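Provided herewith is a single structure, encoded as structure tokens, for subsequent inquiry.
Per-chain residue numbering starts at 1, and chain names A, B and C are given in the order in which the chains are listed.
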Amino acid sequence: MYSPAIIAEAVVNGLMTGAVYALIALGLTLVYGVLHIINFAHGALLTAAMFAVWSVYVVFGLDPYLAILPLTPLFFGLGYALQRFVIGPASHGSDSNILLVTLGLSIAVENALLAGFRSDTRTLNTDYGFQVVEIGPLLLSKPRLIGFGAAVLVTVLLWLLLSRTDTGKAIRAVAKEKLGASLVGINVAHVYAVTFGLGCACLAVAACLLMPTFYVNPRIGQAFVLVAFTIVVLGGMGSIPGALFGGLFIGVVESLCGLFLGDSLGQIGIFLIFILVLLVRPTGLFGAKA
Amino acid sequence: MTFRDIVPIIILVAFLALVPVFITANTVLNFLVFTLIVALAAQGWNILGGFGGQFSFGHAAFFGTGAYAAALLQARLGINPWTAFAIGSAAGGAVGWVIGYLSFRSGLRGSYFALVTLAFAEVLRILANAATFTGGAAGVLIKLDVRPENFQFESRGAFFWIALALVGAVLVLTRWIERSRFGAQLVAVRENEAAAKALGVDTLRVKLGAITLSGAVTAAAGCLYAQYFLYVDANIAYGTWISVEAILAPIIGGLGTVLGPLVGAVALHGLGEITKLAAGSVPGIDLMVFGALLVVAVAFAPDGILGLLRRLRRPIRSSGVSGHA
Amino acid sequence: MLEVQNATKRFGGLVAVNRASLKVAAGSITGLIGPNGAGKTTLFTLISGFERPTEGRVLFQGQDISRDEPHIRARHGIARTFQIVQPFAGLSVVENIAVGAHLRHAKRADAMARAEAVGHRVGLGPELGKSAASLTVAGRKRLELARALATEPKLLLLDEVLAGLNPSEIRDIIPVIHAIRDEGVTILMIEHVMQAVMNLCEQVYVLAQGLIIAEGPPTEVCDNPLVVEAYLGVGAAERLKRGSVHA
């Protein structure tokens, strides 16, 4: 049926896509782990980041990999402000309100992009977009290989930030027990906003890594965000290693489903896993029992 | 529930029924029929989300099931559209029961429930888009055959009345829920599930009842949609747009109230038209406003338009008017 | 009326309730006391059905109900209150009580009438139309009691209904509990307020670290050295006897 080489290539391609998925899921899981909310605006913000990458390339000719340098802090700031001045105050501390506010944001952002950029699909034409690297019998896309490496690197950096720095300690304290954290003088609203900002910064990096090989249109975020939800649920809400392994796993599943079922049905494997995990073990494979 | 409970509903529906007598412009009637279809879908969402507190982000699953059932039963099996309408609504209820059974039995609630409903709607969308039986990406056309017994009418006014009659029927249904034991138990589940259990409420049964009713009502809206536009495809029927509209209307109008979804749907679509007039035909501009409005509503008007009206009225009528809507 | 036989509840490695047995006679007020973390509330969750015992059985009127869901037990006639009050915050006081009353009354009018009557009986008369969220702590405790009572139970499980109340509020509510029993409702109560336990209970069980360590009439139980040590630490009974413990 399929030769081992084709399957091996599908697996490796899946791993490379999965690493970027993991990066997107990382932002989501971080926000969930600390704020205990599901950020429905995550996909729309990813779309915004991808359009930002496209815009700086078209307007300033800035290479997408170099765009990481200005866009990451920019999106950190954006995320910080969104949580601090919109989501936090608007939701009055109620979980179902947060759900609705982030849903509202996602609709507003997505359609603002639609109004601004129209529904055309856009791509970047970099000179390295189609370069390949030969590893053994496999031909791998160079930009996707870079994406894989960078995504893993960012995951490690984020993990170090959380486990080694004071900010990381404060974030973990708030995640565990926000009342206690506020009693020892941690500014909870600030930590929430920083966390949300970090989540958005992950999106900016992911967007820069995606754009050399991917396209963008105003609805693109929806496709990614459902995959990211699946990864987060699979890896365990709030777990960083869970997001990485979940992302890689889902990337491979998607790639293999696409190979065996064809593109239009390929995504169904992901959703079925998603539903099954939610129904059977909503705490995920890495998450602690709630 | 007594007759007196539904008198205001009868008056309102009778008043609205006069609209096609005075307005015959097709664009306006189109707008009104579409608004009523959205209102009906939203009324379905409100039963589960407003009264039961279970926020579904995937009501497209029910809307699409209704729409596809109505279209396919006619186009593929030659079943009479009125019968197809009834079967389509029942199918929506059945899908509701299945999704509810799977997720409520696993104890899913809050964000998890929102996510799982979203995923079910996506699975159905992908399946409908890929299967040959559903016409794949090309969708299903219902043959044009304008006869009342075929659920197709010369005038848009007739369709308006049918949509209005359905919305009116669900207003009465919701009013009944508000005044019944089922409703009291449903609201108790929304407010505090553990306490409801301790008071003898079979919370699983109550939630299943709510999602089944909710699914059937939203599926009826889907059937109506298919019958009005005579065309269905996966991105319309199972698209996120209807999930979003079904959530927005009750929240803007007044969550967990009888009139909320209708008021919200009218307000939203009225605002959408105004935005389009003001901003020209920029795609997405109306939805952008809806999204922003949702944030503003949650922040400043948690009880929706009806809540704002009540607040305005209170200083004048200080005696405690406790009844909703 | 109620019999718990060798009930054990483990959460992972933690044994919250360890082979506890108790009996509650019909028409009695029975107390369940013990230091914090002894497993009293866990034992209540086993009786009311929110958790199932790892081992052992719960019998109600001679029938094994260990596996029944909470709402089934409520139908049998077991009602509980929560230590941390759980009002339906979005509803009015009378609507809160009506949810309980609906268990035995399908019609809204009947349930509301019943709810009003129960509300008056526990002293919530003036508060009936108010939002439940606006009640004081004492009011919320009464609401817990009223809702449970509105289900017309045979056995009422009261989990610290007096905690957080000031002495005059406690004095007001004690006769209400007496009156409930006098109408034929059997009561099992967890309580820390010893004055109330002495005043109300005929029989008391003492739970410490998951084990029932003593039972009997309240005055007897309080003199039991095991009980004193469970509360005050090893050797406390000795020191008390020698009169060397101050305050």
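Annotations for the structure displayed:
Here, a contact is a pair of C-beta atoms (placed from the backbone, for glycine too) under 8 Å apart; a residue touches a chain by one contact, two chains touch by 3 or more.
Remember, it's a predicted structure, so these values are computed and weren't measured experimentally.
Arrangement of the chains shown, judged by which pairs touch: a linear chain-to-chain path with two open ends. Averaging the CA coordinates per chain and comparing them to the mean over all protein CA atoms picks out B as nearest. In terms of the distance between Cα centroids, subunit C is separated most widely from A. Our note on geometry: subunit B versus subunit C, Cα centroid distance of 44 Å, whole angstroms.
Centre to centre, using the average C-alpha position, subunit A and subunit C are separated by 49 Å. Each chain gets a centre from the mean of its Cα atoms; for subunit A and subunit B, those two points are 32 Å apart. On subunit B, the positions that touch subunit A within their shared complex are 53, 55, 57, 102-103, 106-108, 110-112, 114-116, 118-120, 122-123, 126-127, 129-130, 137, 240, 244, 247, 251, 282-296, 298-299, 302. Touching subunit B in their complex are the following residues of subunit A: 37-38, 40, 86, 89-92, 95-97, 99-101, 103-115, 118-119, 218, 222, 226, 229-230, 233, 264-265, 267-268, 271-272, 274-275, 278-280, 282. Within the complex, the subunit B residues that touch subunit C are 179-181, 184-185, 187-188, 190-192, 194-203, 320, 322. On the subunit C side of its complex with subunit B, the touching residues are 48, 50, 69-71, 74-75, 79-80, 82, 86-92, 95, 98-100, 102-103, 105-108, 111, 129, 147-148, 150-151.
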